[in-house]
Amino acid sequence: MTQVYSGGTKRFSGIFTPIATPFRADDRLDETALRSNVAKWMTTSLTGLVVLGSNGEAAQLDDDEADRIVDIVREGVPRDRSLIAGTGRESTRATIDATRRAAAAGVDAALVRTPSFFKPQMTSDAFARHYTAVADASTIPVLLYNVSMYTGVNLLPDAVEKLAVHPNIVGMKESGGDIAQISDFVTRTPDEFTVLAGSATTLFSSLCAGCDGAILAVASLVPDACVRMAALVRDHQIDEARALQRRLLPIARSVGSSYGVPGLKAALDLMGYVGGVPRPPLRPVTSEVVEIIRGQLDTLGALAAPARAGALG
Amino acid sequence: MTQVYSGGTKRFSGIFTPIATPFRADDRLDETALRSNVAKWMTTSLTGLVVLGSNGEAAQLDDDEADRIVDIVREGVPRDRSLIAGTGRESTRATIDATRRAAAAGVDAALVRTPSFFKPQMTSDAFARHYTAVADASTIPVLLYNVSMYTGVNLLPDAVEKLAVHPNIVGMKESGGDIAQISDFVTRTPDEFTVLAGSATTLFSSLCAGCDGAILAVASLVPDACVRMAALVRDHQIDEARALQRRLLPIARSVGSSYGVPGLKAALDLMGYVGGVPRPPLRPVTSEVVEIIRGQLDTLGALAAPARAGALG
Amino acid sequence: MTQVYSGGTKRFSGIFTPIATPFRADDRLDETALRSNVAKWMTTSLTGLVVLGSNGEAAQLDDDEADRIVDIVREGVPRDRSLIAGTGRESTRATIDATRRAAAAGVDAALVRTPSFFKPQMTSDAFARHYTAVADASTIPVLLYNVSMYTGVNLLPDAVEKLAVHPNIVGMKESGGDIAQISDFVTRTPDEFTVLAGSATTLFSSLCAGCDGAILAVASLVPDACVRMAALVRDHQIDEARALQRRLLPIARSVGSSYGVPGLKAALDLMGYVGGVPRPPLRPVTSEVVEIIRGQLDTLGALAAPARAGALG
Amino acid sequence: MTQVYSGGTKRFSGIFTPIATPFRADDRLDETALRSNVAKWMTTSLTGLVVLGSNGEAAQLDDDEADRIVDIVREGVPRDRSLIAGTGRESTRATIDATRRAAAAGVDAALVRTPSFFKPQMTSDAFARHYTAVADASTIPVLLYNVSMYTGVNLLPDAVEKLAVHPNIVGMKESGGDIAQISDFVTRTPDEFTVLAGSATTLFSSLCAGCDGAILAVASLVPDACVRMAALVRDHQIDEARALQRRLLPIARSVGSSYGVPGLKAALDLMGYVGGVPRPPLRPVTSEVVEIIRGQLDTLGALAAPARAGALG
């Protein structure tokens, strides 16, 4: 039995994956697939799961679907692993409401994406008010979540430094690869504040800079490799870690900036999970991209024999 | 009685305003204020209203609130004026659903913002599939809506050119001020396709470039001035139109990029409407900004005596 | 004989072209070609020429070449047309020196590009000091020159407003297409300050916004069409001017953002001028691009019979 | 006597500093100061010096000044240290000429900044042709130099990968802090190709990613700390290195993006070098900034007693 990885003594340190939401061909939630995917991840060393994240197509789900997904996943995640749910909305009141619903469903922490629609007004002051109100109202710990690639706004170190002293704000996820900013987050927050990386293409560097773990789409595919990376950096085996990063880079790019959620879903199919179709306007990657991804997974030794032979598709 | 302005023979040409959503101090919809605001706009020459637009804080409303707002506004807008509703969502299915609800409530057209969360995947092809599916499913005409300032994605002329031939896509709103792109929209779409400007700071130039009208926050404040601008350009009175643009510029900037929705709400209060408080994380502008806006409106001769004297606040 | 076009009573109003610098196959200045090109432009209605501009590859010339070019062109431009020379350098002292040399060679005005290397330090204050020092030291009038596309810095309306009152700063060229900024330049400078457009793709809009003329690469190719555009806008023939802009757009894009100086040189060859080869690292456009440009010029009716038939190249 | 640091067996690995050019109050080169500065750096562990770099205000020097500077510095740098000179120009021919002059003056390698004026044309192909021509023509080794902050163009890993096999292109300097791109440079170039970091704010991360050393303005001020950083990472003392980075960060930011060359010159004055005045349009930092920088240097223990007491200025 694989041991559950803990990144250290901080709350929510370790390696998490933001799970995809499998849809059926008729664009409805595939509950059976979701259950089986979760069960399979529970056989890995992953510290825990993140549900309703960006990669879970949370922006495209209605509230009823979101609640249903949390219930299903919670059933499948035992208490020695952490379950985190994305609960960010554009308004403070909707965010508080979503966070309360997640808490009621037994989630361990809320990952709260920055509001972002009114970009010029999303100042550090606005973020401070928003997150303080959410953390005050929440019965579960709150993790800040900065994902500029999708939101077009940036949660600056100044704001994080102030928010990190709130007793109910226990950490953050930074999805970008700006290592100077990541270093600032590590440096300017208290020791007990958890900083999680979100970019697999800069995982090694983020861990060197002092991150306590990561929330990575690629960890849905090769969880043990991601856990191993964290352990190598912890043990100062820098050369081995750098070499591992190099090996992970192609698939990290594919399920990141290159092909996004559709790429992740194709890769999940290849790995024996059920990725399913992305929800429109997203659409599946082409068969050419499937072959690129298959090659990347195969090079990593991640594929079982049938997938290597191209039997899936 | 002021005459309703029609910008020409095209459907939905003319001058519209995207109305703000008044909230009470407890962050709930102020229905009384909404009704009275609409009644007041109906005494102006505005061609029609846009409900649930960006300036209506649509991103911060839940579906029940949105439906209620449409119902209230529809009651207040007679059939000789057009009522357009924003119905864009991140997923195609949610957009179709919102468009159908708006149609059922008697709205004349749907203004459909580009989905934007998964930016790298929001290609012209993705937009084409999305809008085609929405227009196919909608019983009311669809207007495309490009608002890069808030979405971080750009609906390119190539995509618009293709979509403009769909029988149920009758026009678009471009919120940006890139005059080359606006000119392309005008040039590359059929004669009967309506192109509406969304940036008051470049209204004069947009109308010169061939726009058929505009949807402007500033038209909530000085509707007759906006209507007059359109008439001046139509009549080739270029020098007068340019001079009018110069006069409108300060307040256009205040309710646009400078102070956004909170600025618009403060200006509405000064003009005798009920702006109300913006929904958090937005918050009201400071009293210094109120005075700046008061001065800008006063210079335009837009303020009644009590507001000029600073009696409001 | 074609009449020289004057855009009005302001100094340096009208239609200018920034002439290309013809090089021979061995990368040296082709003086004969330069002379014959200038002679040919002198048969058109162009108000004047700009030498050593961006399109003249000034960034790639050494000082001796630059001085030689000014001398040759000055000989070919009679006194009833204006000759402007680019004299911008990164340091204030080198700019002053280049401006003095141009003045000594009989140039009528200096077009001074913003310094730009140390971007974070290129504030409005830095620009104010730089331009004031240059204008103080210059015996000929100075024109400000903002070309963000190449410099990566922006000369803001605040700085221009301050500089425009200097008695020896008589105008400016704005190469970008941001119509709000162009309108600001027009609005915030004295009546006698000349604002020249630099973007042919937004020429019509820039003239509507109040520009006094333009400095355009495309005016090297179709000078009379550019002059006609200015006259149409002056006479408020908006529909005709907008239609002319539409016709000019393809070639304007080709010699602007799409193919740059190499595109301009290919177009010059097609029009019976000597474009010559661009200086490395620039290189000539491909034969496919030549055919695109040939088609664009032919559509405009600009080509003589031999060039239409593809005899050049 | 301090030992000269060598970063390893690769050519030009180690810690370099791009030296400032001291000007006198009359804006002329201060040769005496330059000599004394170089002599002082020769008492440190620096691997070598870079002359005519961005921080040397090379963009603001004329060719005669540049040649004179190289001659003076070469006299002061013994053969067991490396002297690198910046020789990049906008045209290929001028770059070749400058490189030849540097070689003739006894420089050990040329650091060739990307040409950048015609940004849309500065493709990977254009860079490949440019650098190949320069390296072919040069009798001394060539180092590529990517400094997007100043040039606005980016030398991509694809281009570097191709150029790195040229026998006379022995390495590169990357001035940016994009750790994914830096990692790509390390990964995709041959083992003997030297990758030098140029951003002191991300020095630790760049060395972890595999850089062979760095060229840093801050190494003009605290050379031994920079050398110690390189040694710590080499020895896998990650925690100590990360802590050192944290200490270096404030002064690194001051002489980098915050205050640039004027900040560096003020810091040099405080450290007992002669920074002198920056060349206009640059100007000295304010006295408030001098105090900020003094505080940062003092915290590092870098200041001698008189400078700590504020006796300089």
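Each chain carries a letter (A, B, C and D) given by its place in the written order, and its residues are counted from 1.
What we mean here is this: a residue touches a chain if its C-beta (ideal position, glycine included) is under 8 Å from a C-beta of that chain, and two chains touch if they have at least 3 such contacts.
As the structure is a computational prediction, the values presented were derived from the model and not from experiment.
J.: Among all the other chains, which ones are in touch with both chain C and chain D?
T.: Common contact partners of chain C and chain D, which must touch each of the two, are absent.
J.: Using each chain's Cα centroid, which is most distant from the centroid of chain A?
T.: C
J.: Which integer distance in Å separates the CA centroid of chain B from that of chain C?
T.: The answer is 38 Å.
J.: Nearest whole angstrom, what separates the Cα centre of chain B from the Cα centre of chain D?
T.: Each chain's C-alpha centroid was found; their separation is 52 Å.
J.: Once you find the CA centre of chain A and the CA centre of chain B, what distance in Å lies between them?
T.: 36
J.: If you look at chain A, which of its residues touch at least two other chains?
T.: As it turns out, chain A has no residue touching two or more other chains.
J.: Mind listing each pair of touching chains for me?
T.: Going through each pair of chains, those in contact are A-B, A-D, B-C, C-D.
J.: Note which residues of chain C are touching chain B in the complex, please.
T.: Per the stated touch rule, the residues are 177-180, 183, 187, 201-202, 204-205, 208-210, 233, 236-238, 242, 245-246, 249.
J.: Any idea which chain B residues touch chain A in the complex?
T.: Residues 27, 54, 59-62, 90-94, 115, 117-122, 126-127, 129-130, 133, 149-152, 257-258, 260-262, 279-283.
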